[in-house]
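By written order: A, B, C and D. Residues from 1 in each chain.
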Amino acid sequence: MTTFSELKKSFLTALWFMFLTFPIMVIRVNTIDKIVIWRWRNMGYVGVASFFLSLAWRYFLRRKEAGSKRALSRTANSQTLLERISSERRYKIPAMTAAAIGIIMFPFIMNSYQTNIMITALMYVVLGLGLNIVVGLAGLLDLGYVAFYAVGAYTYGLLNHHFGIGFWAVLPLGGALGALFGVLLGFPVLRLRGDYLAIVTLGFGEIIRLILENWNEFSYGPSGIAHIARPSLFGLKLSFFGEIRYLYFLMIGMVLFTIFVVNRLQNSRIGRAWIALREDEIACQAMGIDKTRTKLTAFALGATWAGMVGVIFAAKTTFINPDSFTFLESAMILSIVVLGGMGSILGVVIAALILILLPEYLRAFSDYRMLLFGAIMVIMMVFRPQGIIANVRRSYNFKKVED
Amino acid sequence: MEYFLELFMGGLIRGSIYALIALGYTMVYGIIELINFAHGEIYMIGAFTALIVASVLAVMGVHQLAILAIAMLAAIVYSSAYGFTVEKIAYKPLRHAPRLSPLISAIGMSIFLQNYVLLAQTSDFLPFPSLIPDFKFLEPYSSILRPTELVILLTTGVVMLLLTLLIKFTKIGKAMRATAQDRTMALLVGVNVNQVISITFVIGSALAAIGGVLIASHIGQINFFIGFIAGIKAFTAAVLGGIGSVPGAVLGSFVLGLTESFATGYVSSDYEDVFAFALLVLILIFRPGGLLGKSSTQKV
Amino acid sequence: MTDPILDVRNLTMDFGGLRALDHLNIDIQQGEIVALIGPNGAGKTTFFNCITGIYTPTSGDILITAPPRSGAVAKAERINGLKPNQVTEKGMARTFQNIRLFPNMTVLENVMIGRHCRTHSGIVGAVFRNRAMVKEEQTVVDISYRILEKIGLARFVNDLAKNLPYGAQRRLEIARALATEPFLLLLDEPAAGMNPHETLELDELITRIRDQEKVSILLIEHDMKLVMSLSDRIFVMDYGKKIAQGAPEEIRNNPVVIKAYLGEEFDAES
Amino acid sequence: MKKSHLKKMTVIAVICTWITLGISGAGVAADTIKLGVAGALSGDLASYGLPILKAAKLVVNDVNAKGGILGKKVEIISEDDMCKPEIATNTATKLVSEGVTVVLGHVCSGATKPALDIYKDAHIIAMSASATSPDLTQSGKYPNFFRTIASDDAQAKLEVNFALDTLKLKKIAVLHDKGDYGKGLAEYAKGFIEKSGKGEVVFFEGVTPGAVDYSAVVNKIKRSGAQAIIFGGYHPEASKIVTQMRKDGMKTVFISDDGVKDDTFIKVAGKYAEGVYATGPKDTSSNPMDKAVREEYKKVYGEDVGVFSINGYAAAQALLNAIQKAGSTNYDAIIKALRTDYVETPLGKIKFDDRGDAVGVGFSMYEVKNGKYVELK
């Protein structure tokens, strides 16, 4: 492999991209005044950029392939740094202590904006962990997860608006209603597999949103519900910053609670059944696992978290309308699960933080931020298709019995 | 009766539009089992390319029919080129990755392409020139069928026919069918699988480009976001018909188009999409493989 | 003679216009090793799928009589139309012709899945880890490990199933099926793809399972040497019909059987 | 192994540093008066937000050139909310934590509502140049909210009166785009028609924005026998519907709102736009100040003013003027100044009523004549 042939390849790639981007990047037409603006300089930029990017792209792709071959040859030590920190005690305790201090100090060091976006990110951590049950563990591709999120949000929005019921009373109710809707959706789609399931769940999510949009008498339609009460703290009146801090710690608690529950679930009899269902549906049934029940519990438990986060969402924004529950939201949550590494809790946490905080920190790039965001999603998938942290199966303690 | 006919024609037009996009989805799915979320963007880029080329030619004062031909050709060439490139960048490196990873890559690509067009062109709606000439003989029937609509129906029909012939009778068509059935076997009997996948993307993108130009002429305006909604609907249609099946995609598109049209006409346009999705759910419950899809009994 | 533990009467299965099984009668007594043989496409796997609930047969009866445990009186039960998991719960477990393990779970977890239908802890138990649940979980682990030891897979215990050698994967399927505590084990071509040495080990393993675990066995197999040495009785199928049954010696010399097999080979050569 | 770990460590360290820098970037600036500008500055609704921001910059440059207010320079801090409620809370929190005194924004009503709750708690005044939801001022729940644009019910009232009284039409079809703005407006229109008793609503439905074809709904309107359509929504849908109607040979009167009173509508719908009515902010182009602003805008940015630029300019003026008059950045003092002191703006001399609506700001009806919106007197 000579450098020359590499350069030639990149040169051809650059030519190709110059051709590809020609009409859209170079020509700008003002159809009204019939003026054509030729922006030749853009073509130059594209050429130079794609030349170097293609060099880098192929270099990293080769490295990735070499890496995956190496990983195959040595099975035991192929964990990445993060995986090692998460699995080895020696690293785990200091890492966790540092993380704990960081988490507690965060809202006191950072300003309220930072805390606020962190709250949003934490909400997505919980959503990601919830969807992880359905997609990551049970292998049921759900593209309408946002429907349950909407159910939770509207539960609180409506109950608070009409009856003034408080946050803490509705939180479990939102979860329960989420679960109920999970089962309602689960029943008709039990027979469907794979991508058929995906499109039906997508349709279900859209149906819920459209109903919220059109049924004014019930949901106040697109103008939404305003003035939803923020969570109360033993009846204390908090300052604005106090409320943000309070919500932050509430979310931290929620995240810890979710991690605790999901972790226990996935290492239980039910969790194993979910994974078996994901791995091979027929064998799973043949081993005596009730497919219907297992699927329904996955849907219901996944939806529970969405319902609860929905309640928190309504309390945080104090205003909800159907626009917040579009398909893109579902896609975002799904991306968190896949990017994190299906079934891996730590992976989902990291992915949620990246995907939600990234657009905020990309504000500096203003117009380009969504462009970069899309590109980063592609790049991460190409170079790390198994997700940030590939899920590691745990090992069990067992007694050796002498016969 | 006239009202019924109007709605019926409206449904057919919608169906044709969905079909042109749905075919790309279904072909790609048939070959590599990927929901290509960026497909709607390919369609959008086709429409933009046609708009840009047509405007430039119009400023230069070229004849209308020549504009139509050149703009259409440019749209097809560029959409195909984009489809081809997207596959090489975002899907090919993921061929052996976990099943959902290419899906996320596709979502990322879709966001990227939308914003690329937004930044390089504009966020505003642009008026799309009516490239299709007015046929005098249609004037008395203008409330039922307009020239653009006639062209859309005819083009869709011709394209379907050509595609069926291509898949049934040509060498590449056979290779595509073989790859769809069993990629490993196809590889073993000497099919260049990578090439087949590329060609599938190119053909699917070309169809989307044709759809893009026709739809844009029909509704008279485009912006960077048109691909998303049309894409979701077309995908729904493809699944409705049985994803992976070419006649299924066409049938599903017409069923969806007619349902929407009649739901609006006889019930309410408020719940037009609710009807569309409810129909999808119902059909899949009773026929889990879609209308013309393979029965989903798995081999044990 | 007691009731057969599995009694299949006039079992018929149609796929559209195609009759895959045609009034099939098969019975298995407790403690037997029975083989089901026949040319490719004879309908053997379809038969398995019918009696394990993956397909619902068109007509006929599948009756099972679970062997009495602790002195209870056994009663025949018709299991047509039950779901696969219910069949497994009744006490019939199977393996698959094309291995269907859970590739990304460890060997131990694969076996633990088999214990699912014999355990009960639910969501609440999983979250709160109450004492009963912890105890149940540990028992599951212990039992599963013991099964692995018996099958000779203990050294792979924490490996992912997909990383096992081929022969070990076949044995793991048997271990997983055993974990469901069946009275009848249905093996679909357990020796396929094994080398002669592994086949010999399998022969020994199957006999051992029957003797030690008190499990009856029905197997589909093409390896005639294995079939002849293992089986107490053999059923022969062709084109969905039973064409012969009897002890290995009788089958070996049955002209109908020979014709069925020779005919197939003859076809294959032409 | 070791080496690759080291590399990964470095990468992580770099990322951490980058994040920390990003975080601490929001430092304390010099002693200035901060004017927050919030709204859709990116995405598909940026064409509403950016012209407001640009207009505000003109005002601030002007004020600073004259020495600022209260002896301090004015500084603009702009943040994007993409018109999404959940992002608007982040935007609002960011502005609050950067210590803005007043906010010009937000652009969309849906995003404005949750943001106002945050500003209210932080004692910050917000003034919008484009949020027209009646709820914002009429509910009485946002004492810190003001606006330089009239609310939707006024617009709906104008549309209905125009159809019933001026054009003397009886059968009205009311159509909307299912959005916050469009549907709200359509519902007011429906209510006014029913209450007036002079006409009837023969059709009330919403269309799906972005759909590939509207022929079914157009056919349905035709069948309903409506003489006029009142449409609540934005110009992309309006132009599709109008085009489709006219191509089908329907001559039904089309009346719409300030979401349609946009030159893009005329550009896109072309000849079919002729004769379409739309309400919009009163034409103030005869006001010399308005003329000056339009000229300055064109000179500075090389383009014509956007939809809400003039309202944005007026809002920025009103806010800064109130601070000047109040003599401090005290919340109550500014509110009092806004309610009592008139300020000269391109919209005319304005002050605000108790609910926060600008006195003397209203809508007029426009008609497309020869490819231009012309105000009807």
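What we mean here is this: a residue touches a chain if its C-beta (ideal position, glycine included) is under 8 Å from a C-beta of that chain, and two chains touch if they have at least 3 such contacts.
Source: prediction; values computed, not measured.
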Interface with more contacting C-beta pairs, comparing A-B to A-C: A-B
Taking each chain's C-alpha mean as its centre, the one farthest from chain A: C
Chain A and chain B, separation of their C-alpha mean positions in angstrom: 28
Centre-to-centre distance between chain C and chain A (centres being mean Cα positions), rounded to whole Å: 42
Averaged-CA centre spacing for the pair chain C and chain B, given as whole angstrom: 48
Distance from chain D to chain C - Cα centre to Cα centre, in angstrom: 71
Multi-chain contact sites of chain C, meaning residues that touch two or more partners: 54, 96
Where chain A touches two or more other chains at once, by residue number: 31-32, 214, 282, 367, 370
Contacts with two or more other chains, residues of chain B listed in rising order: 126-127, 270, 273, 300
Interfacial residue positions of chain D with respect to chain B in the complex: 43-44, 46-47, 178, 205-208, 210-213, 215-217, 219-220, 222-223, 235-236, 239-240, 243, 247-249, 264, 267-270
Residues of chain C defined as touching chain A within the complex: 52, 54, 83-85, 88-89, 93-94, 96, 100-106, 108-109, 112-114, 116-119, 121-123, 125-127, 129, 133, 136-137, 140-142, 144-146, 149, 157-158, 160, 163, 176-177, 180
Chain C contact footprint on chain A (complex, rising order): 75, 261, 264-265, 268-273, 275-276, 279-280, 282-291, 297, 301, 391, 393, 395-401, 403
Of chain D, residues touching chain A in the complex: 1, 5, 8-9, 12, 19, 22-23, 25-26, 41-43, 79-80, 84-86, 89-90, 93-94, 96-98, 109-110, 113-114, 117-118, 121-122, 133, 135, 139, 141, 178-180, 182-184, 187, 206, 267
Parts of chain B lying in touch with chain D, wherever the complex brings them together: 3, 6-7, 9-11, 13-14, 17-18, 118, 123-127, 142-143, 146, 215, 218-221, 223-226, 228-230, 233, 260-262, 264-265, 268-270, 272-273
